[in-house]
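Each of the next two complexes has chain A plus one other chain: chain B in the first, chain C in the second.
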Partner chain A sequence: MEVSNPYLGYKILFEAMVKFSAGISMIKNLEELPLEINLHLKYLINFQEFNYYFIKENKVDCLWVNQTGKASYSTCSLDQLDAFAQQVLESGVPASKYCKVSKTSIHSWKFYNENNHFSLLLIRSHSDNPFADKSIPLIKVVNKILSARIENLNMVQLIHFQNQKLARLTTALQAKNKEIEALNRKQESTIIEKTSRLKDSNSKLKGLIQFNSHQLREPLTRVIDMVAIKDDLPVEEYISDILPLLSESVLDLDRAIIEVVQRSEVFDNEEN
Partner chain B sequence: MDSELVPNSYKVAVRTVANAALSDGHVEEKDFDALMNAGFNEDEIQELFAQADLVNMLNTIANISGIKIDNEIVELSYSL
Partner chain C sequence: MKVFLIDDQKITNVLNRKYLSMIREDLEIFDFDDPELAMAALETEKPELIFLDLNMPIVSGWDILTFMRNRKIEIPVIILTSSSSQQDREKANLFHNVFSFQLKPLTKSGFNELLEGYYLHGDYKTSL
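For the complex of A and B:
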């Protein structure tokens, strides 16, 4: 009795593809990607070597997986790709070639992805375990999964770099803010000090004005009044009674002027 | 399992593990070599034979208990 299920192959592939997709989506950086591909790809296609190039402008992300378990990630420029890859890249037409010596065949496809990026997929397989034509539809799905993940990881990396740059700029800005705050504080203290000195000067100036008004004005008024009564008194009486007082008042005025000058000098010295 | 859709490494794994699980656990050096050549590393081979071991144990319990093997396993055993 032989039981056959025509959909078993599809079920197996579906399960393998789900695991492949889930595994790829768990990857956190590009360096781990080839190892994850290596883990799942043998359940999807026959291959000896799997090369995947994700091309973004002139930068190429190269993923290489070998059936024996070796895998690597590297970057290169477009002109470093081999002649066969360059040919497929330029023509955009899928191509394959067979090497009789090594009994291996290489299949290659170019895919146009989102954001004007494209990818190149190369599969080398041995004639003992050839790449099956029926697996070709899977290649498109594999490319879709890989290109989306690489795009995503590149974006995450870019965001990470920009965040780091932003953090550096924020630190620099915070340092500058601190400098500005220190300068502001210094300026404020200078203003407070100058205001205080100005208030002090004003107070002293006010004192000086008050002194001038009282000490200078009083003997001067006496002199003016005594001069004013000159014609009202006899000359002898004026000379004997008023002149000594006038002389005393003039001396008082002189002393007051000397004091004003001294106070002004002290004030000037304090100001300087 | 003969489908061209299924890659050889998958077929080798299922064939070897099914053989180990369903044929009283007769495993030889060439079975390990076949798995290595199909691209499986030591950890994966260990995991595959752990699966075979589990199935073997469950089959033993099922035989003792008189439980019938489900159709998918029967189908696999015939398609190998």
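For the complex of A and C:
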């Protein structure tokens, strides 16, 4: 890209940079990033192929763009990078190599970004339209824009992932809550049922006690009566009139006790 | 004075009759172990005092009290029961001719007090 008027040249460059930067800030995920780079990078630098590796621990985001408009996004691990890339990564020194057969040269830079993340930028260009040294400052800016965006998108992805995890957990929690509610309801109904059974047997028991007390008290009061009257009557009269009645009442009392016991047993059987 | 003893237990009637005749000689005592016969005799004999048991089969003491109320038979009644239920005591209060509620057994001194109370207070309701 040769422009004779330097002012016009800078203007074009500035506009291209603004569009490049604005476009990248608009994209929503990493997969779209290479296509977006492809739209504006050709107005900034001369290249045949553009590779950008964003390295976060062992995981590498690989962006690839070529002059004909092809673009791709992939991920790989650090050891899958080629020897030249490895060399630049290890040394940290920018490097370039030229291939006589294809008449292409490769320039490569390693950048140290925030949060201890690295990036590796490779540009292949043909000798007919070579990468110009004066574009090196632009490369730094391009890295800054790309690394910041990737970092940002990774963060968004992480948050999204965590949100999904949270949503799954929330769903699981709601399901558990429903289970607990169902259990509670079941327990409540069991308690209500048991309480009503208890109330029922309580009232039966009350009835039984009342019945028993009357059943036993009636003959007992007669016996008490006949014992008490002893001092008020002549002995002969007591022996002839009362004593036979006394033994009858004692037998009544015995019968009452037997019946009370039998009723208690019936009640016991009904309850079990 | 005519007195009715109404209790399905013959023995109780025998004992109560003995006590009453020990205390006063001028009492004309009628005892009933069948409450239905007592009910029938109420209007013909017109007793002045009734000793009434509550728990009786077929016709209960309550039935007799209700019968008297319906027929407007105003004879003072002393309830003699072996039931210590507070409910019965409160229910008895609703019959204004019931002037005493006594728990069995009632001995000679108990009968004595009741009769004295009956003779002393023309307004028998006060000794309930």
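Just so we're on the same page, the second predicted complex is superposed on the first by the 242 of 272 C-alpha atoms of A that agree within 3 Å, B and C clash if a C-alpha of one lies under 4 Å from a C-alpha of the other, contacts with A are read in each partner's own complex, and residues count from 1 in each chain.
We adopt the following convention: a residue touches a chain if its C-beta (ideal position, glycine included) is under 8 Å from a C-beta of that chain, and two chains touch if they have at least 3 such contacts.
Quick caveat, the model's predicted, so the values are computed rather than measured.
Engineer: Once chain A of both complexes is superposed, is A:M226 in touch with chain B (first), chain C (second), both, or neither?
Structural biologist: The answer is second: A:M226 touches chain C but not chain B.
Engineer: Where does A:A132 make contact in the superposed view: on chain B (first), on chain C (second), on both, or on neither?
Structural biologist: After superposing on A, A:A132 lies in contact with chain B but is clear of chain C.
Engineer: Examine A:G9 and indicate which partner it touches, taking first as chain B and second as chain C; both and neither are also allowed.
Structural biologist: first
Engineer: Touch test for A:H214: chain B only (first), chain C only (second), both, or neither?
Structural biologist: Second partner only, chain C.
Engineer: With the two structures laid over each other on chain A, which partner does A:F161 touch: chain B (first), chain C (second), both, or neither?
Structural biologist: Neither partner.
Engineer: Which partner chains sit in contact with A:Y98 here, chain B, chain C, both or neither? Use first/second/both/neither.
Structural biologist: neither
Engineer: Once chain A of both complexes is superposed, is A:S249 in touch with chain B (first), chain C (second), both, or neither?
Structural biologist: After superposing on A, A:S249 lies in contact with chain C but is clear of chain B.
Engineer: Where on chain A do the contacts from chain B and from chain C line up?
Structural biologist: Dual-contact residues (chain A): none.
Engineer: Looking at the complex, which residues from chain A come into contact with chain B?
Structural biologist: 1-5, 8-10, 12-13, 16, 42-46, 67-69, 129, 132, 134-135
Engineer: Which stretch or stretches of chain B touch chain A in the complex?
Structural biologist: 1, 3-10, 38-41, 71, 74-75, 78-79
Engineer: What does chain C use to touch chain A in their complex?
Structural biologist: 9, 11-12, 14-15, 18-19, 22, 55, 82-85, 104-108
Engineer: Okay, in this complex, where on chain A does chain C touch?
Structural biologist: Touch list, chain A to chain C: 210, 213-214, 217-218, 220-222, 224-226, 228-229, 232-233, 241-242, 245, 248-249.
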